[in-house]
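Heads up, there are several structures right after this.
Below are two complexes that have chain A in common, paired first with chain B and then with chain C.
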Partner chain A sequence: MKKFINDPGEVVAQALAGLAAAHPELRVDPDNQLVIRGDAPVRGKAGIVSGGGSGHEPLHGGFVGPGMLDAACAGEVFTSPVPDAILAATRAADGGAGVLHIVKNYTGDVLNFEMAAELAGDEGIAVETVLVDDDVAVRDSTWTAGRRGTGATLIVEKVTGALAEEGASLKDVAAIGRAVNERSGSFAVALTAATTPAAGRPGFDLPDDEMEVGVGIHGEPGRRRAKIAPAAEIARVMVDAILAAKPAQGRTIVLLNGLGGTPLLELYLLYGEVAALLAERDVEIARNLVGNYVTSLDMAGASLTICHADDEILRLWDAPVRTAGLRWGV
Partner chain B sequence: MNVEQAREWIAAIAETVEAEAETLTRLDSAIGDGDHGANLKRGFAAVRVALDGFEAHTVGDVLTKTGATLISKVGGASGPLYGSAFRAMGKTLTSPDVTTEQLGDALDAGLAAIRKLGGAQPGDKTMVDAWLPAVAAFRRKGPQAAATAAEEAARATTDLQARKGRASYLGERSIGHQDPGATSTALIFRALA
Partner chain C sequence: MKKFINDPGEVVAQALAGLAAAHPELRVDPDNQLVIRGDAPVRGKAGIVSGGGSGHEPLHGGFVGPGMLDAACAGEVFTSPVPDAILAATRAADGGAGVLHIVKNYTGDVLNFEMAAELAGDEGIAVETVLVDDDVAVRDSTWTAGRRGTGATLIVEKVTGALAEEGASLKDVAAIGRAVNERSGSFAVALTAATTPAAGRPGFDLPDDEMEVGVGIHGEPGRRRAKIAPAAEIARVMVDAILAAKPAQGRTIVLLNGLGGTPLLELYLLYGEVAALLAERDVEIARNLVGNYVTSLDMAGASLTICHADDEILRLWDAPVRTAGLRWGV
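Entry: the complex of A and B
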């Protein structure tokens, strides 16, 4: 393992210290491993909190700022944050109008956020939760933990953040978050496994000529192993899987996301294939985003997210945002 | 079990978790995300610190403190699950000295807490698969039998298909790997023996 680290046990804390140094407009709470919007809590605004295991940067700390999250909790690498930290983030975000928790559907995240929501409720802070479960690679059944939350998390955070910034009620902000999740589907393919600093070696063995089809953002498999295929074919697998689960309805927001170890050259190539396929199927790409946004450390691979947007979702997508990882209109 | 023995149990768990952290992480790498050993090691190290100098009047005090510390330090799924189990056990043991029967009731309460929070059924390839036979064996034949039962049950998870937690995403491919949660549960019961 070759990584820019000092001590595997200090990676998250030291990365947050670096984020604070690079972005003085943010506040970092090192004890609870939180990233907080500089002017939080904003009086009267519904607060928005997300978080999860570290290693998916810029998700979530990179999306803290006006127009998006009020606070993000960074758990240990690939490990959900603890209830105390989520509660601290909730307090920091609460401007008196309650707080929305955006939670990716992983057992650990769900359990810890539930506990924190209960604790916040005991303190009189109203909490709503949006559970993100957009990964269509997982069969949603009573026999699995359900679909995972992946790329759509970014769209949920952006859209709810914009609505909250306008002063909408917590209930309405939660409702639009759930609508975005409902309208979004994602699918990922990995070419290599991620190496966590603590483990020091790749999380799974993937032969040079194989890919993991339907992988999660920690490397958990979804559908199958397959021989590596040309990008055009991989794009077709992704598009078909998503449209089969979430049939197209008009205009879309498309996120072609790198998992951390894939060059933009390849991501743009893949995006070109996706765009051509969607054009063939009469699906309009109203907005797009290509880059590394919801990563899995150094994993080579890509995920595709398609959100079937309506006018309101597009309007909120276009609203100004000022964060470390996403910035436009300001 | 008295307060001192409760402390010894927790210390023994901390020791074995530290010694076996790499094994747990390796098992978790195969079907999860490879953090189980590191997380439990970090959690029980924090428990050691929390119990050091902590004034415990009952057996339950020791276990409740252990559970609360796990919840507030571990994260992931194992933090809330083990944390709730120890807290549930602690709440039932309200005297400085408890009988084996009372300890059996407490272990049952711990199992119930895990099942309530995680929603796992026996056979789902989780820590429940080791807890269930361990508690039954403890009631019949005591701690040695419980440890053996947990270890056998943990090994038997190898043949199961995961239906809860991150391993469930593997579907049939989870078969052939021993469950890390059931394995750490076996360590907890071995430390009790």
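Entry: the complex of A and C
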């Protein structure tokens, strides 16, 4: 298998050890596979916890730090973290003002976060949940009732993290997280399948001249298979799908995200096509982010997320953030 | 071909258009394929120019901005920029205090930067050059007399950029750039070959169970082919090779760099192994950077760069930088 690993069963634990070595400002709880902000819990601040299966790095552990998450739970690759780990993260994040759970809409994650929220409630920790379901490609999917949660998760984590840092209440932080999700749509295209360390071979077959249009971040099927098309045409499919589901309203934050195996050269080229199309449609891009942020291991592919933002969302997007995977203003 | 492109001959130009759309704080000169700091030339500041073949993004265009480069020349994929383009970049960067050329040691780049430096001299622009040749894997290589220039380029660009920003003279900026190069060693391992848009297939054959040990960033052969090994063993090969060529002296900056197709999960795992080995050898890691920074398109692989830094180099490493590919402190 063409991977920098030792034992396939130890990949996540050993990657977390490497993250801890690289970032002494974070704490890693190896037993629960948590990444925790070094100064957590921050007294009086609404805590923010996210998590999910590993293999989507820098999401979520790479987004822990001032201005974003207080703690992230890393499940095994493409596998939800268990309720006990989520509960431990919730405790670590609780500074007395309650904790927000940011949950991508996959059945395992939803169930395990729900259970952890109940357990936390029994301990007197107030929990609110934002369910992210931004992927407009398909209605239901493998492991998902309703739309899948993908790229908008980054925007939800950034915006709620900034508001929590200002001392807003848990209810207000949750409300803006839900607003960001509601205003966001995403659509992904895969050129190759990801290879998990456990399987050692690509998760699905994709002929040399075909792409999966509307793919999920675990390789779930999309809307259709199609012959590989020029970037301009792929951009049009993505933009049309998102704007059909989430019509334009105001200015936007655009995330052009690589799925792990796609070079930045191609991502910028594709971003140029997206920007040109949005200009044609009179959709203003107020902020943008181009790079590999919500990945699917080594999958060659890209996702587009458009968030129709208001002034408050843009203000919080611009607020300082200091994490391993996203940093500005500090 | 599994790429987000339109016409293979237009990839670099269209990617630069995308970069310009994403980063209005930069200027892109499409004719010369340059990325230029928006406020260049900065009056009285030593200008800094780098460049080389495309396909290594975010190097170099992603490192243009306050605290790093004033301009970057993007050649076609894996092809040196022409002297006229380098001259145009030099003019754009010259604020009257002369211009530093940071050149990776490949024959085409060296010749073209030399010619551009001569032409700039004829126009009265003082030019100094730092030749980066940090790759300890092989002495000579395809397209290279002497050692190849790789990961240390990022550190040279960061440190010289910071010193120039403080108003230091061209000679002093060049001197610290040479010191960083002298103190740095790099070593790369490829698990797969990169596919250029022009060729449309992998640049070399690498069997499913083998790796290229000591590979160059264009897929140049390394020291040997070997069976894929555990990450701990690969880390040991890298660390031993670098410390043999560049013995420890003081604290280090460690760059664990992905070659484009390797997920962050694996890079952090590998970084953990490197950190453990350096601790065993009493080499202190004062700063580190983990991610895809000096890439080879979609190559699965990683390089390790160790820079034996002094206090001044560390101070300049920590200075604020605001570019598309590297940002902190602002």
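The definition used in the following text is that the second predicted complex is superposed on the first by the 325 of 330 C-alpha atoms of A that agree within 3 Å, B and C clash if a C-alpha of one lies under 4 Å from a C-alpha of the other, contacts with A are read in each partner's own complex, and residues count from 1 in each chain.
Rule of thumb we're sticking to: a residue touches a chain if its C-beta (ideal position, glycine included) is under 8 Å from a C-beta of that chain, and two chains touch if they have at least 3 such contacts.
Keep in mind it's a predicted model, so treat the numbers as computed, not measured.
Legend: residue contacts after superposition of the two complexes on their common chain; A:His308 is shown touching neither chain B nor chain C. In the superposition on chain A, A:Thr107 contacts chain B only, with no contact to chain C. Shared-chain residue A:Gly216: touches chain B; no touch with chain C.
Of the two partner chains placed by superposition, only chain C is touched by A:Ala275; chain B is not.
Of the two partner chains, neither chain B nor chain C is touched by A:Lys158. Annotation for chain A, partner touching more residues between chain B and chain C: C. Of the two partner chains placed by superposition, only chain B is touched by A:Phe204; chain C is not. Put simply, chain A uses residues 77 to touch chain B in one complex and chain C in the other. Every residue of chain C that touches chain A in the complex is listed here, in rising order: 1-7, 11-12, 14-22, 54-55, 57-58, 62, 77, 191-192, 208, 211, 228, 230-232, 234, 256, 260-273, 275-276, 288, 290, 292, 295, 297-298, 300, 302, 324-325, 327-330.
The part of chain A that touches chain B in the complex is made up of residues 53, 75-84, 106-108, 111-112, 115, 138, 142-145, 148, 196, 198-199, 203-204, 216, 218-222.
Contact residues of chain B toward chain A in the complex are 25, 29-30, 32-35, 38-39, 42, 71-81, 117-118, 163-166, 168-171, 173.
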